[in-house]
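What follows is chain A paired twice: with chain B in the first complex and chain C in the second.
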Partner chain A sequence: MIEIKNINKSYTGKRALKDVSLRLPQGEIIGLFGENGAGKTTLMKCILGFLPYSGEITLDGSPITRKNIARLSFATSEHSFFPNLAPKGHKEFYAEHFPRFSEKRFKGLMDFFELPMNKTLRNFSTGQKNQFEVILSLCQGADYILMDEPFAGNDVFNREDFYKVLLGILEPRETVMLSTHLIEEVSGFIGRAVLIRQGKIIGDVSMMELEESGHNLMSFIKDTYHYRADRVSRALDELTGRDE
Partner chain B sequence: MKLDLTHHAPLGINLQREQRFFTTGIICSIFYSLIFLPRYQQAHSMLYHWKGDKCVLIPGAIIEDFGVLLENALVGFLILALCMLALIIYHYAYHYQGSKSIYLMKRLPNRWEMHRRCITLPLLAALICLIAAIAFLLIYFGIYMVFTPKECLTLGQWQKIWSVLL
Partner chain C sequence: MLMSRSTIYKILGILVIMTAVEGTLFYLTLRNMTAAEVVGLELVFQQSRILWVCALGYLLVTALLCLTGCEFSGKQGYTLHRLSVSQRSVFLWQAFYNICCFFLFWAVQLFIVLALCRLYMEKIDPPAISNQTVFLAFYRNDFLHSLLPLADMSRYVRNIFLILGLGIASAYFPIRQRRGGTGVGIIVLSAVTLLFFSHSMGSLGNDILVIVFSIATATMALYGALKEEAANET
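After this line comes the complex of A and B, so read on.
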């Protein structure tokens, strides 16, 4: 289990994370939601040790270091692959450095998405790049797969395919933390939703609890965010001067 | 057997371009260092004068110090070595170009992998520059000592080199 205790993170005086505490048990698919700048990416980067922070993050009771970092993988919309290298080169590199790298899964996913093995990544389309980024994170052999808006730029059919494949291939030990704005799309696929706003966790609910209470994910998020449904119509009225 | 250097460089980097740059640099440094030879030849000829049809040593003539003749002949190797150190910075910066492959390298169980790939080849190249510079220094010093008449040399030539180099 990844345990996050009272994490605080500031960027030049501005607090990006405020006393964030969270538990990520194995075998869950967790959606991490929040507006731009809410702290989703910062939280993931703190978990991975990319950013310094105050507080404590542990993996099965131990701090996350190079000894256990291979149990975590990361797919990001910024892409963490080498654009001048082909998938074949990435496969060899991952197999060399991550002992649990799954060649079988890699080949299966590459075939499924019909990605070329010997073409350099820089010549891939944005959608293909995103697919490949996610494929690498799924094949590393990690127990915790952190995905930061991995499907930005992919078409809806593509994403749909991916959710299905993901549900089909994940093993019980694998946890996925998925940060995305595509709330409705992932609502049928995640088991838990975590909401973050201005660096604070403001909601953490299991989808089962939501269902039992008769809510759906979107309404839960809107309620938690105190979303004003009349916001748009009022703004349009003001802009067009309809009241006058 | 061809040595595969790609395992010692950042993944996907254009190694051929770097090899070309280094090879060109080392060739230019060698050619530039050759300026020692005409300088020496001129200093050597000033030790003699013509008596009739015979070229004879001028009594009491002293050749210029080796360090003075060498001057900056080896500076090309130094510049190239400094370029290789700059290449290390480029190798690190490469992990931020076109993507954030730095995220992958930071997640590797082997913490030294990225440093190894960024540093090894530039350091090796800088070492080659140093060795080449020393080799040419010794060759030129050898030429100076062998072809200069003993009575025209001043003492402590080897020690004097360092005052020029440092």
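After this line comes the complex of A and C, so read on.
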């Protein structure tokens, strides 16, 4: 289990995370939702140790260091692959550095997305790059797969196919934490939703609890965010009124 | 190693092109000279502008070693950070690899000029040359002398420190770039190399200056890379 205790993170005076505490048990698919700048990416980067922070993050009771970092993988829209290397080269590199790298899954996902094995990544389209980034994170053999806006730039059909494949291939030990704005798309696929706003966790609910209470994910998020449904109509009234 | 995999063939390509261009320039210069003009091996080297080709080849190799590993269109640092091997090891291996590349560059350039010397000896009429021709050329021509300093020990030491300094400073460049900075050490050391590599025999002061500069640049790069790594680990 990944346990996050009272994490604080500031960027030049501005607090990006405020006393964030969270538990990520194995085998869950967790959606991490929030506006731009809410702290989703910062939280993931703190978990991975890319950013310094105050507080404590442990993996099965031990701090996350080079010894156990291979149990975490990361797919980011910023792309962490090597652009001058082809997928075949990545496969060899990952197999060398990550002992639990799954060649079978790699080949299967490459075939599924119809990605070329010998073309350098810099010549891929944005959608293909995203797909490859996700493939690497899923094949590393990690127990915790963190995905930060992995589908930015992919079409809806592509994404839907991907969700189905993901649900089919994940093993019980694998946990996925998915940060995305595509709330409705992932609502049928995640098991738990975590909401973050201005660096604070403001909601954490399982999809089963939501269903039992008769809510759906979108209404839960809107309620938690105190979304004002009349905001748009009032703004339009004001704007058109000014024109008159 | 990923770094060597993505650069070794490009470096070998640069060396092959450099060999071909230098060979062609030397041959054409030699062919176009009249018998009266061919008064010395060092003059042929000077007029064929091999020094400029070598400088260009050096800049290309340095740029390749510095820029490979930099983040231009992604965040490869995230992947490197998740490896079981430490960033310190990555840096030290890269420095070792870069030192080998700069040594290879020097060795190939030396091999080229020695091969061209042999060509010269075969093309020139025997009365115009002696068994001292090549030996004297390596003392008279600054570039040749700096490549193979013969009995000039300080120049050997300078070359060794220069290669070490270039290798270490170029390995630090991508690390700085990934952390949002610029590894200026390799830029300044490259400028020093271009300005001061070719120097006349017995310039002890110049040799000491380059040695001190190489040591300082390498030390700063080592200190920077290892200190930042230690800070990250804590």
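One rule holds in what follows: the second predicted complex is superposed on the first by the 241 of 244 C-alpha atoms of A that agree within 3 Å, B and C clash if a C-alpha of one lies under 4 Å from a C-alpha of the other, contacts with A are read in each partner's own complex, and residues count from 1 in each chain.
By definition in this document, a contact is a pair of C-beta atoms (placed from the backbone, for glycine too) under 8 Å apart; a residue touches a chain by one contact, two chains touch by 3 or more.
All figures in this text were calculated on a predicted structure; none of them were measured in a lab.
Participant: Consider chain A as the common anchor and indicate whether chain B and chain C clash or fit when overlaid.
Facilitator: Pair status: clash.
Participant: Per the contact definition in the header, classify A:His79: touching chain B only (first), chain C only (second), both, or neither.
Facilitator: both
Participant: Name the contact category of A:Lys107: first (chain B only), second (chain C only), both, or neither.
Facilitator: Touch partners of A:Lys107: none, neither chain B nor chain C.
Participant: Is A:Arg66 contacted by the first partner chain B, the second partner chain C, both or neither?
Facilitator: Touch status of A:Arg66: both partners.
Participant: Mind checking 3-11, 21-29, 111-119 or 219-227? I need the stretch of chain C that runs into chain B in the superposition.
Facilitator: Among 3-11, 21-29, 111-119 or 219-227, only one stretch of chain C overlaps chain B, namely 3-11.
Participant: Would you tell me the residues on chain A in contact with chain B in one complex that are also in contact with chain C in the other?
Facilitator: Common to the two interfaces on chain A: residues 48-50, 66-67, 69-70, 72-74, 76, 78-85, 89, 93, 97, 122.
Participant: If you look only at chain B, which of its residues touch chain A in the complex?
Facilitator: Within the complex, chain B contacts chain A at residues 10-14, 97-104, 106-111, 113.
Participant: Applying the document's contact rule, which stretches of chain A touch chain C when the two form their complex?
Facilitator: Residues in contact with chain C: 48-50, 65-67, 69-70, 72-74, 76, 78-85, 89, 93, 97, 122.
Participant: Quick one: in the complex, what on chain A touches chain B?
Facilitator: Going through chain A, the ones touching chain B are 48-50, 66-67, 69-70, 72-74, 76, 78-85, 89, 93, 97-98, 120-122.
Participant: Which part of chain C faces chain A closely enough to touch in the complex?
Facilitator: 2, 5-6, 68, 72-79, 81-86, 233
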